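The next part holds the structures, each set out as structure tokens.
Both complexes below contain chain A, partnered by chain B and then by chain C.
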Partner chain A sequence: MNNIDASAHYEVEATGQTPSLLTLIIDTNPRAWAALDGSLPFSKAVANILVFVNAHLAFGNDNQVAILAAHSNRAVWLYPPPPGRHARHGSSSGGDRDGDVEMAGANGQNGDSARQGAASSANKYPQFASIEASIVSSLRSLVSETAASSLPATTLVAGALTTALAYIHKTSLAYAPPKQSSDPANPTTAATVTATQTPTLHARILAISVSDSEPAQYIATMNAVFAASHARIPIDTLSLSPHASPTFLQQAAFITGGAYLSCAANPSGLLSYLMFGFLPDAEARTHLVTPSQDSIDFRAACFCHRKVIDTGFVCSICLSIFCEVPEGSECLTCGTKLALGKYGAKPVVVVRKKKKKKRINGLTGREETGSATGTPAPT
Partner chain B sequence: MSVNSLQLSEYLENMSGMTFRRLYQQPSAAFAVFRRMLPHLAKTLVMAILYMPTPFLYSDLDVWVKPAAKRQKDQALSILRALHIITSIPASKDAQPAMALTTNFKNSLRLALEGGGDHNSFGVPSNMPVSEDLDIPFLDKYARKKWDDILHFVVNSVGITDGSRMSGETSNGPKGSVKELLIGGRLVERKSPTSPTIHITQAGFTFLLQEANAQVWTLLLLWLEAAEANANAGMDHVDMLSFLFLLASLELGRSYSTDALTESRRNMLPSLVDFGLVYIPAHDHKQFFPTRLATTLTSSESSLRSVSAGFTAASEGVADAQDKNAIILETNFRIYAYTSSPLQIAVLALFCELKMRFRELVSGRLTRASIRRAVDMGITSDQIISYLATHAHEQMHRVAAATKKPLLPPVIVDQIRLWQLDTERMTATPGFLFMEFDSVKEYDQVKRFAEDVGVLKWSDDRKGMFFANKVEQIKDFMKNRRKENP
Partner chain C sequence: MADSDGEYQANDGSDDEFGDHQVAPSNRTRGQAGAPSKGQRRAAWEDVTRTWEVLEENEDGTIKRIETAEAKKRARLMKDTTPLQRGIIRHLVLVLDMSFAMAEKDLLPNRHELTMAYTREFVREYFEQNPISQLGIIGMRDGVAVRISDMSGNPADHLEMLTDWVKKEPQGNPSLQNALEMCRGALFHAPSHGTREVLIVYGALMSSDPGDIHETISAVIKDRIRVSVVGISAQVAICAELCAKTNGGDGSSYSIALHEQHLRDLLLDVTTPPATRVTEQNNASLLMMGFPSRTMATGDTINYCACHNRPTREGYECTRCGSRVCRLPAECPGCSLTLILSTHLARSYHHLFPLRNWVDVPWSDAGRSTACYACLTPFPVYSRQLAEHAPVGLSESARYACEVCGNHFCIDCDLFAHEVLHNCPGCQSDTRGVPDGEADVDGTVLQTNGSASAMEIDS
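On to the complex of A and B.
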């Protein structure tokens, strides 16, 4: 009879793992990869990244992946293929598709997108083969479209981050619980939903960076980072190049609670870094100790000349950062007249008077305070 | 982890290490075991050490896993060991204890992720022309028809039929071999060896109340066991299992060549056709099509929900479409099921009192009488609850996820169990009564020991007696105690 006890509730939980969406941003700056060519050629890196992507997808049928290339002048979708290119490939590979232009992301894993990679082999899981085909062909066309003449040394990470966030948002809408409770007597208000909500989709961004952060993109990058932080999307960063340090991405990882690792010491071990450090998703990270960074480069870029600075001036109203006093001491962002105090005034040279050393009873002499004027002594 | 993966894992864990070595030779099998059988943390662990050149030290593992997650870690490790995925390397003179993946598993999983090799374990596509109407909706309809035939066969054996439509629709039941399998697996029983009428067993109810994927696995495992028992039939159960894992990795709507299969695997195809896992065109035996039942064998649960949505979409316009996840259960004991499938209605009628039936909707309520009737038939409350949970409407899942509440209203779940307990006023536990201790101290110590080892069932401190269902450990304890203080 002890079994019948009101305190023991039998609860039936909805089990099953939460799907996880990995958004991968690959820095494809040609210059930076050329510099890395000795230790880690681009083709080998892509092969490693593909294995990593497959490992992520192997976790479950509903795990998803989206891959973006952050190029030197734009951000390009590698997978799922963008609508325009999608149609072109479909026609080139047999053309048995009905020509619909869905972004093959949200439910393209049901084999629809796989069909276009017609050269499927018996030795490969079909879904893996389709992703590989898509990435390789997108990368090829990206490389062929890149002109050799104008190649900046930095990468447009901000654009890729923003695109990734937009994609994550779109995908998570498909998984979102209903906005309103179906029960009219007990409507779920928006406030309670956000308070108690568990995420129905674990989304995260992994940026694989090889180049320096472009200071001109500071504001755009930081806007994207704070948006990600607000949406609780961790941004992980893996820095490959020993010559560059992605300052802003390092900060992004810190702000959003992601992991930052640098495998600059041993770039050829890329796969081990990826598998060990970045494969655990949000669910696994509750049980594991994530790699942490001991020192973070918190430097910011100024709003006036886009220089990364250690110390500078901050507008007291809008917190804009300047490397030098703006013209007319007016904030360039909000236009507030800034009171600079005595900053910039030429220091008046004061002739230091020679002081007579007085000896007062009980005092063995004034302590050296370092100030120009001495403490007034009683006369 | 769902019910069926538990069954499958029991089956797998009973296999020998040798069998595992053979199973893992095939990359698709290693891949399927990885994605279906392992808890999340175990998957993460496997992936982390997959490309590690040296064994992974246990001390490093302890550093990596947060101390609070020790239980999950131990559970993950024990599953990995039971499935022969990791081996432990004991501590030696110059090395700390470590673990490593077993060679076959490591190589196969690497091959599965990287592609390459020439193992053909993800199916050889057929290059033969395929007729236009062999599309995914056709395969879905075909698979559903086959599977529903099997389920109807089991449901009809219950004895209570719901309406006249049932008998009309099950004109041709499943093949004789499938019937034999169901009987052999004791899902249904013949009343007497010769009589044609059959009736359902408790295992049959369990089977009926599972989700489709679990039902498929139950049947397949029965099939495997039958093949194992009947060794001279020329079927090797390890090969069969790895062929099933291969099927699970195929792509729906694509044709595969039968020529590339081995002789024994080709012999398996007719049985799989009977189950509805595979379709072979009547005029063309050179190619086969996996159906959705086969390709989702190793899928996880939430994707199965989308699979059944695909099923629904595929069979639009078919009047007796069977909506898998269509039940809404309210806290006032009312049940609404968005279905018009006679099969699902018949299953619901096993434990609910159905009140109204509309097109595409039946409503009813759970009552004490209806649950008791079900319990009397041999259905347990757990089965009812798990049926309601696996067939819960998408909306219930979403609300539960959004409000962090259990999927089914706890009040209903408790009540169903209480109603079952109503029928079990008395439970019998075989065991031993301990009484007439020399001292209160002795009684206390022995009783506390029995409680600690978890064999104490009942005790009365005043009378100084207690009842335990196992005696061996207590005997040893008392003997040692006597020795210490004679």
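On to the complex of A and C.
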């Protein structure tokens, strides 16, 4: 508890161990979990995740955890419970401790393991118990607020990533060494503060994904991914579903130096995957060989036909991608009239004939530079 | 749970910056003019170089100075969120003054070392903001221009070359004309769809030129090169003229650094792609690009990459000719197709679709939220004392609202979202109110109320 409300940073110097913040994003798309129900019911998955979270917290006294749910139409905090719900949550968490029999009632699948876990909380390390109570009650309210009609097949991973990054940023600010603001002259401090932003806190994001990436969220997801890469926060991804491929998260793992694993072949082994693949933090990973990806699909989807292409045309103004030269060579997005280059470029080894020089001056192709004269020597 | 949070509301949220803890005490001692003990005064003498500025602002009250620094940062955020056409594909030559003038110690430790440190930062930031752009670095020393690094799209190259130059003492006269001529040469091959820019860091008050610099300036204008200058000592007429003429009469690209932090800010401002001028729009063109996937060499084999002739196992295969390159973005060495990752394009989109500024929330509207929507930091609750000591330039309730989704955020999240993230956590996390994306697909219109109340879906 102390860790969460940021009071812990006053004791950091004493312990000497770098705290590690694990931000967990759980994809809670109801459809995808329904499809997985045979091999890995949601309740079991939550129980496994809780074991993993507890293992992370047990690693160090200062370790922290934050858990978000990426639902089909919103992203919500599960573990530091949002204070807006405080009144409701305060009363319900008190009820959870002892009389949590009605807990399983909200969702039929919210089965045995979760109930047992919460019921034995009197004998538990209080932090584990409070996290568990918070997650279970948050998930219950999330599920009960979800209407059965119009459930999209995707989740708001971008929103969850964005919120997680903002939280990590705030937490790392609390841990950051006191800035020498009165001494901006020292270039070494100025450079290191921005470059290695969180030397006092190892933050990482783990996304447990069951659904496909939503193309509409591409830009938002990539903005978040680049912000993570800027702050050196690895985004790990565990894909559970055999029916979905979270392409964006796969790219995110590559860009941020995180690990990507797919346990689609055997989803019931979720806990093993979590424990062996994702438990070590950034510091420990330098000594380990992390699971690597053989090949990553980096092909892009064109804006005109939504075809996946490997060679395409890009508007130099708005960077829209097209699979063929658009009609009238006008950009479909920004409407700019585009000049066409010579795309059947010759191999560079071919010696240019002298004759060609004349044509270059008249054309507005790639080679055109605006100044017809060569670079004159200084006079 | 509820207890501990409530406590922090009073404690932690009342001053909205963690940094305030750190700065305030030392500042307060400075305010009580004669009071500080000997040890403290010595520390202040070492730390603060421009005492007159501090004193001037101290007259308003000590807290205010810190707040205005914060407000200034936010003020910088408030500009240009109108979507503009920007030159995303840039070709920039950075010209560094390495003349005798850079040995001055008015910026600590000295101008040269400080510039070098900030240049390294600049290079990183430039390629972060402009992943498909090119950069070259030129130095001015001994009356000539020296090439530090060639035009290249790889930050590692530049940083490597720069380290060799850090230790060299600045010496000789600077020559603006020689540097500009070399810039023209470096930018000569830049294709017409990209921008051509020169950024000069100029510490000297003179230029020792071999010929008429006005001829060079007109040649630079003819080549459509835009020049911006960051001066370190004082304004120089020729630099002002150079900037004004090459930017179509707009002299705002010439600025003088007042102190170290200002120099850094001025440099990093240039990493944002420049808005396209109307007269340049006809240079838009359609570029052919390849989006190769990352592949591993089959079996136990090892490939040589075509770009560096180095053995690698992983690589990217040119989508047109099949040569393997080890690193992107690159130009295929075989067929000179531009090879990039689609994510590099995505990195530039935020320049084209910037996040809208968030607005201050008055106390009358602050009751809606008790904590920052994104990071869950508690907000201060209303009190007479807080309202009277409202900081200048900042939101009086320490809340900032996104106008689209209506959620409230703290100033840290505001700065982070606008400077680094370029996403609004609130808008991205709730599509219940916004009829876009998946809501469009099946034609259902969701309720248009974005507030975080109960979920209602009309189908």
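Criterion: the second predicted complex is superposed on the first by the 243 of 379 C-alpha atoms of A that agree within 3 Å, B and C clash if a C-alpha of one lies under 4 Å from a C-alpha of the other, contacts with A are read in each partner's own complex, and residues count from 1 in each chain.
The definition used in the following text is that a residue touches a chain if its C-beta (ideal position, glycine included) is under 8 Å from a C-beta of that chain, and two chains touch if they have at least 3 such contacts.
Computed from a prediction, not measured in an experiment: that's the story for all the values here.
Looking at the superposed arrangement, the partner reaching more residues of chain A, out of chain B and chain C, is C. Contact with chain C, but none with chain B, is seen for A:Thr163 once the two complexes are overlaid on the shared chain.
Legend: residue contacts after superposition of the two complexes on their common chain; A:Phe313 is shown touching chain C, with no touch to chain B. In the superposed model, A:Pro82 makes contact with chain C only, not with chain B. When both complexes are overlaid on chain A, the residue A:Ser39 reaches neither chain B nor chain C. Of the two partner chains placed by superposition, only chain B is touched by A:Asp62; chain C is not. In the overlay built on the shared chain, the residue A:Ser245 is in contact with neither chain B nor chain C. Across the superposed pair, chain B and chain C both touch chain A at residues 178, 181-182, 188. Of all residues in chain A, those touching chain B in their complex are 3-4, 9-19, 51, 54-55, 58-62, 107, 110-111, 114-115, 120-126, 128-129, 132, 177-178, 181-182, 188, 192-193, 196-198, 200, 271-272, 275-276, 279-280, 283-284, 286-289.
Contacts from chain C toward chain A in the complex involve residues 1-2, 4-5, 8, 12, 18-19, 22-23, 26, 47-49, 85, 88-89, 107-109, 113-114, 116-118, 120-121, 124, 128, 177-178, 181, 184-185, 188-194, 210-211, 215-216, 219, 222-224, 259-261, 264, 276, 281-296, 316, 319-321, 333-337, 341-343, 345-350, 352-353, 369-372, 374-378, 410, 412-413, 416-417, 420-425, 427-432, 436-438, 441-442, 444, 452, 454-455, 457, 459.
Looking at the complex, you find that chain A touches chain C at residues 1-2, 5-7, 73-77, 80-84, 86, 89-90, 93, 130, 145-147, 149-150, 152, 154, 156, 158-160, 162-163, 165-167, 169-171, 173-174, 176, 178-179, 181-188, 190-191, 194-195, 214, 216-220, 222-227, 230-231, 251, 254-255, 293-300, 309-319, 321-322, 325-326, 329, 331, 334, 336-341, 343, 345, 347-348, 364, 366-371, 374-379. The touching residues of chain B, counted against chain A in their complex, run 1-2, 27-28, 31, 34-35, 40-41, 43-44, 47-48, 50-52, 63-66, 68-69, 72-73, 111-125, 249-254, 260, 299-303, 306, 310, 385-386, 388-389, 392, 395, 397-404, 406-408, 410, 413-414, 417-418, 421.
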